[in-house]
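Report on one structure; see the data block that follows.
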Amino acid sequence: MADERTIRALEEKVAELRRLVEEEGVDLQEELALLEERLQKLQREYYQSLSDWDRVRLARHPERPRGLKLVSQVCDAFYELRGDRMGGDDLALRGGLARLGGQPVGVLFHHRGSTPEEQRACRSGMALPCGYRKAVRIMRVVERLRLPLLTFIDTPGAYPGVQAEEENIAGAIADCIATMLELAVPTVAVILGEGGSGGAIALAAADRVLMLENATYTVISPEGAAAILWKDAAAAPQAAQALGLSAPRLLELGVADEVIPEPLGGAHVDPEGTAQAVREAVLRHLGELQQLPLDERLKLRYSRYRNAGNLGTKAKTG
Amino acid sequence: MADERTIRALEEKVAELRRLVEEEGVDLQEELALLEERLQKLQREYYQSLSDWDRVRLARHPERPRGLKLVSQVCDAFYELRGDRMGGDDLALRGGLARLGGQPVGVLFHHRGSTPEEQRACRSGMALPCGYRKAVRIMRVVERLRLPLLTFIDTPGAYPGVQAEEENIAGAIADCIATMLELAVPTVAVILGEGGSGGAIALAAADRVLMLENATYTVISPEGAAAILWKDAAAAPQAAQALGLSAPRLLELGVADEVIPEPLGGAHVDPEGTAQAVREAVLRHLGELQQLPLDERLKLRYSRYRNAGNLGTKAKTG
Amino acid sequence: MPIRKDSKDRYVEVELRRGEEPLWMRCGACGELVFRRRLRENNYICPRCGAYFFLTAQERIAALVDPDTFQELTLPLESDDPLKFSDRKPYADRLREARESTELSDAVVVGRGKIGGHEVVLAVMDFRFIGGSMGVVVGEQLAHAMEQAAEARIPFVLVVASGGARVQEGVLSLLQMAKTVAARGRLARAGVPYIAVLTYPSTGGVMASIASLADVTLAEQGALIGFAGPRVIQQTTGERLPPGFQRARYALEHGLVDGVVSREGLREELIQVLDVLSGVPHGG
Amino acid sequence: MPIRKDSKDRYVEVELRRGEEPLWMRCGACGELVFRRRLRENNYICPRCGAYFFLTAQERIAALVDPDTFQELTLPLESDDPLKFSDRKPYADRLREARESTELSDAVVVGRGKIGGHEVVLAVMDFRFIGGSMGVVVGEQLAHAMEQAAEARIPFVLVVASGGARVQEGVLSLLQMAKTVAARGRLARAGVPYIAVLTYPSTGGVMASIASLADVTLAEQGALIGFAGPRVIQQTTGERLPPGFQRARYALEHGLVDGVVSREGLREELIQVLDVLSGVPHGG
């Protein structure tokens, strides 16, 4: 079966051929159509049989739609709120007020940056305590104003640093989870790229959790698991598979409520389309949530998390 | 009329005389009794006609009962809670769990320290943002556990420093006031020594506000007012008078609910007795508050602060 | 009351704008003499160097609200000088002078109007009136304004220009911190948005209460934002103040505000916030 | 699983205490061979150098609760290996081995007992069981324990000894963070006190959820308290770690815990907290 590089090369050749045929007027339409059909079949085969490690690489793809840009496309307007009101403003975890489908909403999202300078400034999406504290602050704003909350997750994990530890990154994440679980407003989380451990679940304790097809959500990075459990960094692909971090697998496990399809080749092939698909899915789930009476919505949320993972337990044998 | 120093000298002489009479058995009881009566009259005259500036000096007296020691005497047991859970623990603003009259309560208080080293460590009671954030955290604990909150105020004001500003000392005070006003549990504040501006009101937005007889509560220190308004540091005594910062004046103005009497000469003359008087007053007010239904208590608190200072307004004349 | 010059942040010493204003005003930053009408048309920004002049409450309102939509709601109240305070001059005299020179009853103007078509309750502080300080009247006006916003269910916009609490009213002015915070609590429970605009200066007891508790907090370029004044900090701690300390951009970097906006852009920025919040609070 | 030695904070490498335990144990800090009974009588503190040995859950319970008052409430659950996880060794085998060597069903023991006469629900983690990691069983046991405490209206005490989430159960173990936090929310609404005791180690996903949300948080002397491990921090940032980093005293200085307590003093300290809170929660 073809690998990614072969498919890319084929795509280019076919595109060149079509241009030639169209420009020169040579009558090869039928042959070309067959060729394209064959190519699409190859693409489908390849992308429908992606290994979890392939998905990890797609989730991390440098051109993957993400962060501020994607959120701005998903929403109709976005007004950023900044700062934790305690001394810091994290560029890796951002949020504010937005409009979606004619209504005001609150949004929170990881931002990884596109230029090297920006990536440095936001530590490639690894948030600081002040980021999670800003998130809690914004949650309180949306709670006061009765706005639904949308979160968009894309982080390798919370930032591991001396100052982050001193400022209680663990407690900041715990407060974020606790605050989010207690919100009276509807909450929808979308995992866009990497959903890396505690840094991810801080924003993912929502009424609904959606995942882009090639997004990942995991307790530890495949590299981390490989180093700890396999004692071998090269085992990352195996670790990825073993961790069950893919969207389809997490849908099966009931962790994700819906997998939002990506175009063949991954979200970066069609950022606009990806944004539209995310928008459509979020609006649909939000609509469903807004139909529910408050009590029922909160009961469902509680029981979702209270019972999380119980399928992984069994009666004691010994 | 006698001044403080003359009275102190007289007190000593009379005490020496009494010792002599008792030890030697000389029959001067009657004369001594007359002398003591006269002395007490002088004391009363002096201490009952204290100027506000005298009270400022008594409130700042180095031996005045205050802080951890006084709170430990007022309460039957005290278990300190520490830290803001965000990187800091302020020694100038402290608090925790305590027992009073057989029931568990939450307490918050300023601590100024007695030794020079301790005074340095707690900046003589000028709290940092992490102090006010710890206070908010402890307020949330007492709210969860449904404990009444007692606050003991004794601070020249919040700490004015670069880092304090960077960490939003203003916002930390505002959050403290807001959190305290929203507590469902009964709250009693006691101003023990200096109630200095924003740093004091952060802990004083209570259902009941009590003041020790020689405590002060003011929008600005007399020295600060003298410098700004009189352009003359020597005008501090006049400023003290003008600011209306004494307990009796604030009782008249409805700011304080009760003035807790101090022994002649000031609280430092009898720390034990002072603690007992504070304890008795707090228990009485707490008892009254606990009789009230929640709704009414919160309505009274809201209207107390919503209408605060309205006696200082009048219909527009122009 | 001249304020310290800071060419970078563009706040400049200005003549106190009292009573009859001169036809020409001199910019304290660059020295330019500017025709007053020209200055007004330019939002009181020096056309030569870009320095900001203080705005009166009325000028600020005119710069922010849609034309002919402002309806004043300021309560007909004055300070009764509750402490009969007197320093080198009786407070009563200071009040009278401030009232005469500003034609205001105290340091805030409250009203209802539209910004970009959005109904708001607006409260604008005026620094000319005893440094924009919050005493019993300002506290009452702000609490009243928030109640109006809660009742009408339209956003509350507060423009801060205040050095802090009104010293001459003692603890009664300190209590306005709790009063405004209590009223803000009601507004929050009603789900009504509250937007604060911090201008030069936003300090002291006002900053340590109502001005720190907005849903959205904007800072006008060059605004001074803090609790203690720079002089107090230096005297108490002996610390050297870092460049830009307590200024708008510094506040943004330290997470204290949501954005820094030029005076020219402020109305548009508010419209953006109100646009995105349109429909909030949700029905009755 | 040996842990790093730190003579100052008195945590030492120890032999994994599996199955049949030797009569003598060697202290990793000072090299002393100590008679096991003597060690047990001394709270597993080296009588020569004062170093702390790991405690099993049962030993910890024995050291804390009043004699003959502990009633185990651990649910009869085991991990079903939901991902059929295998690295160099199948997770199922690791589970079996851990169960055999510890005689526990997973890394926590839950029960009801008295401490200084005060009824409590107690949950104690056991580091021997796959590093005390929190997977689906630990999460369920903790949530169940909190429900028991809420229902019985008696305080909940959690003794943490955990490196974090159970990697071998993937996102299902990550979700235990949300699960335990949700259960803690119910406990809080019931007004029931929650006291956490952090021991070596209290890190990762456990610290970033349930272990950070107590009403009163004590740290055992020498406890390691943090989110990321020291190695990860050094590898990611290249930072030099300050002395005492992430240890109990460091955590206290940074406002992360209410107190640091020696192992010998822990029971008395808990009694003090329970004494002061006696009568909480208030009736039904």
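Lettered A, B, C and D in written order, each chain numbered from 1.
We adopt the following convention: contacts are C-beta pairs under 8 Å (C-beta built on N, C-alpha and C of every residue); 3 or more make two chains touch, one makes a residue touch a chain.
Note that the coordinates shown come from a computational prediction; the quantities given were computed from them, not determined experimentally.
Student: Quick check: more C-beta contact pairs in A-C or B-C?
Tutor: By the number of C-beta pairs in contact, the winner is B-C.
Student: Roughly how far is subunit B from subunit D, centre to centre by C-alpha average, rounded to an integer in Å?
Tutor: A distance of 42 Å separates the two centres.
Student: Between subunit C and subunit D, what is the separation of their C-alpha centroids in Å?
Tutor: 53
Student: With centres defined as the mean C-alpha position, give me the subunit B-subunit C separation in Å.
Tutor: Going by mean C-alpha positions, subunit B sits 33 Å from subunit C.
Student: Could you list which residues of subunit B touch at least two other chains?
Tutor: Within subunit B, residues 85-87, 166-168, 171 contact more than one other chain.
Student: Note the residues in subunit D that touch 2 or more other chains, in rising order.
Tutor: 212, 254-256
Student: Check the chains against each other and report every pair that touches.
Tutor: In this structure, the chains touch in these pairs: A-B, A-C, A-D, B-C, B-D.
Student: Under the touch definition given earlier, write down the residues of subunit C that touch subunit B in their complex.
Tutor: By the definition above, subunit C touches subunit B via 76-83, 85-88, 99, 105, 135-137, 139-140, 143, 165-179, 181-186, 203-205, 207-213, 226-229, 232-233, 236-237, 239, 241-242, 245-246, 254-256.
Student: Mind pulling up the subunit C residues that touch subunit A in the complex?
Tutor: Residues in contact with subunit A: 188, 191, 193, 212, 215-216, 252-259, 272-273, 275-282.
Student: Can you tell me which positions in subunit B touch subunit C when the two form their complex?
Tutor: It is residues 158-162, 164-171, 173-175, 177-178, 181-182, 197-198, 200-202, 204-205, 217-220, 224-225, 228-231, 235, 238-239, 242-245, 250, 253, 255, 302, 305-318 of subunit B that touch subunit C.
Student: Which of the residues in subunit B come into contact with subunit D in the complex?
Tutor: Per the touch definition, subunit B meets subunit D at residues 77-89, 96-99, 103-104, 130, 134, 141, 144-147.
Student: Over in the complex, which subunit A residues touch subunit B? Could you list them?
Tutor: Subunit A residues touching subunit B: 85-87, 129, 133, 166-168, 171-172.
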